[in-house]
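Below you will find the structure I want to go over with you.
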Amino acid sequence: MENYKKIIEDIYFEIKTIDDTGEIANYIPELANVSDHNFGIHITTIDNESFGIGDFDKKFSIQSVSKVFALTLAYKFEDAKLWERVGIEPSGNPFNSLLQLETDYGKPRNPFINSGAIVICDVLLSHLKNPKEDFLNFCKELSNNSSLNYNEKVAQSEKKSGYRNSALCNFIKSFGNIKNDVDEVLDFYFHICSLEMSCKELSKISLFLADDNFTSHKGNKILTMSQAKRVNAILLTCGFYDESGEFAFRVGLPGKSGVGGGIVAVHPDKYCIAVWSPKLNKKGNSYKGMLFLETFTTKTASSIF
Amino acid sequence: MENYKKIIEDIYFEIKTIDDTGEIANYIPELANVSDHNFGIHITTIDNESFGIGDFDKKFSIQSVSKVFALTLAYKFEDAKLWERVGIEPSGNPFNSLLQLETDYGKPRNPFINSGAIVICDVLLSHLKNPKEDFLNFCKELSNNSSLNYNEKVAQSEKKSGYRNSALCNFIKSFGNIKNDVDEVLDFYFHICSLEMSCKELSKISLFLADDNFTSHKGNKILTMSQAKRVNAILLTCGFYDESGEFAFRVGLPGKSGVGGGIVAVHPDKYCIAVWSPKLNKKGNSYKGMLFLETFTTKTASSIF
Amino acid sequence: MENYKKIIEDIYFEIKTIDDTGEIANYIPELANVSDHNFGIHITTIDNESFGIGDFDKKFSIQSVSKVFALTLAYKFEDAKLWERVGIEPSGNPFNSLLQLETDYGKPRNPFINSGAIVICDVLLSHLKNPKEDFLNFCKELSNNSSLNYNEKVAQSEKKSGYRNSALCNFIKSFGNIKNDVDEVLDFYFHICSLEMSCKELSKISLFLADDNFTSHKGNKILTMSQAKRVNAILLTCGFYDESGEFAFRVGLPGKSGVGGGIVAVHPDKYCIAVWSPKLNKKGNSYKGMLFLETFTTKTASSIF
Amino acid sequence: MENYKKIIEDIYFEIKTIDDTGEIANYIPELANVSDHNFGIHITTIDNESFGIGDFDKKFSIQSVSKVFALTLAYKFEDAKLWERVGIEPSGNPFNSLLQLETDYGKPRNPFINSGAIVICDVLLSHLKNPKEDFLNFCKELSNNSSLNYNEKVAQSEKKSGYRNSALCNFIKSFGNIKNDVDEVLDFYFHICSLEMSCKELSKISLFLADDNFTSHKGNKILTMSQAKRVNAILLTCGFYDESGEFAFRVGLPGKSGVGGGIVAVHPDKYCIAVWSPKLNKKGNSYKGMLFLETFTTKTASSIF
């Protein structure tokens, strides 16, 4: 940890002041209010050592990062049957594209583009009694953290302007790959995306993907080792939309980004690291977040490649 | 090695006799002549221990696997400038698709789909005096193996039926992303694809991607550590066309397949393993090869995830 | 008229008994209940002579044919400004495709594919006080026929299963090209499509497109001569989705089809002819209807070409 | 004719001096040398009256306009069988797009986009003994004009830079829809496109499409009445690439444009009119040519709609 700590500090101060050419996401009005000066990092190792710097303890909207936990719960319920509903291939298209859905007859390419996450939400709705509450409880167990919550304002804000996601959900429904009511699926999806965490919380909740022997504080095994490895594989090939190749190339870790500016990356058998900086590059991923992680894995020689 | 050996033997005998639902590639007439009973595996560790079974010593047409070595040489010449000519993102489309080239103005998505490999060949033509000879010598140095050679018959066979590749090359040229003569680029491309190796040779020549300290027998460092890791990242996200996600998910290693039925996979810091079985699944990857590798990384718990 | 009459009778009896390889539209449950034996034809000339045969007096769901009258009213309101919201080019894609909308940033190719008609409905909503009532009144004036009405059951049936249209409307809204509430636009759209007419009524209501000097019984000029000609031009190039070229080629008249099995065709300066037969070919156009019209324009040598 | 003459003169002088926002085609180097001041018009009626103004007697490269005559000859040879090789639907894409060819398995949408014209050339090669000579003789007979010729310089210039067309031809060949040698097909295609005519010649040679009773001076019927009407239908829906709808809408006549800046338009039973002005709009059609024809059909009320 001392080694990581020193390197993280160095990179943090180096990147903190550079010119950030990114822009804050503005298509969700409520998200646009966040100060773009926020910059935080937090690492947690599988030995439960941890270190944070900057705004690592401030909560932010994790947005698409929550797709990881939704997928995890759906995978737990359905195991390999899940892949009949959603693919595991990178899409080569932006996160909210409808193009491929048409040629693929309503089966999203992977669970991390919006269409795929919407199908995952539909799968969860079919399994959960009180979907929003149950999913939140699952996240609380995953992280041993009872303070987690949705941001109702963000959920409502996204709902009001979520025409693209509504188009996706209706489109998939027209192919028969949504089983529940469109409005309920979307409401659940927007709530999941409104989940808030700090970098500290985000790096901790993701440990089940890094630690082969992970069990929750309640003593539950979340995924089998093989399942966890497979989630990591999907994260690596699909976690950054049409910049997944770039992230694998530059950073070399499975990871997931959100338009709130958060990124979590997983080094199997070693650590989880979360970064937050709200300004996004053109592909919708945190500009400073990607830069930080690239420098970090280079200096620690800890890419999985 | 003893551990690997036992597991490889077990899987080999288990898979050898199963019903192979794949089909031999028939679009290159000369390739269709290969017996579909061939099945070989060879592993080489970074400590230079090695083990093979089945037809591991028989030469076959490595086809697209040679794109790895072409990329390596071009990357050596151009370093990061190379990515101005070809991308590093998975394409989400079949290996010989023209669709994305039109929307991307002639810049192929990655160096492992045909369009990308054709651009790589064009880059090499601009650097090499005697392209075919020089590239062969590079492969000989990489593998410390002077017996490597092209199969002229296969190269000619592919040339005669290579209308799709000719379309790709002319199309890219129309966007200005091919600098040399179209016929010379294609002749070079078809020769590179006709390279022949055995599983043994293939697992050995790929060691420079697994071993951080690799130097050739002539004492040359081939790629920097960072470059080698980045080639592995591209292999993982793009090495299996529109089945790259599937391979990452099931096998969990960087790798590359060819329509000759060969696959090479790399475990950084540990080993390279090559498999050969000519019958291909619908995505154009060896059916038994993928099955073998999936079982192998599961039983050895040696996916990178 | 005598000439037309004889030819229509001959073709009617010839086609009535042939094997109809088409199928009734089944995606709108309420439409699937219609008997597929229905077959009617009615012609009305600009001199107001008319002749019908078969089920020419039975009402059916005109569906997409109503897009012609919606376009007409919107064109009346907006004139050339309308083309900022919707194009006038054939799409080369099926009627409910979302593909082009993405590359065209939410501007539908033409007013006769679903996306275009939805935008037209949105334009009308911005102009009309009581949209459904006002549009119905416009149709009544056009046809001097106070018996026209929507079929509420069909409208509700389409609403319940209209996920694709809902996807289209939300998608266009996400690009800003829908100004009103999505649900209101769709409700209006589904009602317009549920309009019912007989062949007789349909051939009569379309006369304003054939007769340069047309004025309604209230003395109103509907479109200028130039506007009417332009609507005919759009009908010819776009009236039959991705079979528009086929219809121009075989029939040679501006026309519009609906999934209810109705087709209306216009011969400028001469006549309007309506045909109804519910079974549709693979492109969604009435099988017997197209066959009838092709034979009719060939025998009367009355294509516009 | 006196009526036409006066109107043509008026429009000619009105448009001659307006600011032309178009640009000369520069992708065929040899074409870029033409003076952009050229502006000519010529009309020929089916009664063989004629009138020209401006540069109506100067030869220019008719380019894609020659696709009309190639289609005519192929249609004569193959009749309806021709449509197994090439479609009759507007493409909705630019003239040299490869996108649809992939989804349509190598069958071009229509004979007037480049891919379609290349297939037509392939069809002709299978029928003609001396293709270039025989096609030229066909054009000479059509026009009763022995002075017609290819421009060898233009043909060679296009050949040297014709990578896109070479891509199209190889791509179609890969689907099996080119039967002859790729280089021979392209050589024939480039020659056909290099045909030169004046507006006067162009309006005269097209009369067979306007006059139902047309026979050549040798006494040959070129197409049946039904075939000629069908060619006109394809011209109307497909003659102007992805601006076909626009031309139908604004001008209202079947017609064909070429990147040399020529346009020919046909009024069935009345006249053919040819316009030439080299500067092209963004869709590749003559800017002044389209403007002239729009004004002409409006003032003469002679659209077919």
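As written, the chain order gives the labels A, B, C and D, with residue 1 at the start of each chain.
Heads up, the rule we're going with is that a contact is a pair of C-beta atoms (placed from the backbone, for glycine too) under 8 Å apart; a residue touches a chain by one contact, two chains touch by 3 or more.
Just so we're clear, the structure is a prediction, and the values are computed from it rather than from any experiment.
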Worksheet item: How many hops, at fewest, get you from subunit B to subunit C via touching chains?
Response: 2
Worksheet entry | Chain whose Cα centroid lies at the greatest distance from that of subunit D | A
Worksheet item: Using mean CA coordinates as chain centres, what's the subunit A-subunit D distance in Å?
Response: 55
Worksheet, complete the sentence: Averaging C-alpha coordinates per chain, one finds the centres of subunit B and subunit D separated by a number of Å equal to 47
Item to complete: Mind checking the centre-to-centre distance between subunit C and subunit D? Centres are C-alpha means, answer in whole Å.
Response: 32
Discussion item. Two or more other chains touching the same residue: where does that happen in subunit C?
Written reply: none
Practice prompt. Can you identify all of the chain pairs that touch?
Written response: A-B, A-C, B-D, C-D
Practice prompt. Using the touch definition up top, name the residues of subunit C that touch subunit A in the complex.
Written response: 97-99, 101-102, 163-164, 166-171, 173-174, 182
Fill in: subunit B-touching residues of subunit A, taken from the complex the two chains share
87-93, 100, 109-110, 225-226, 228-230, 232-234, 236-238, 242-246, 248-249, 252, 254, 268, 298, 301, 303-305
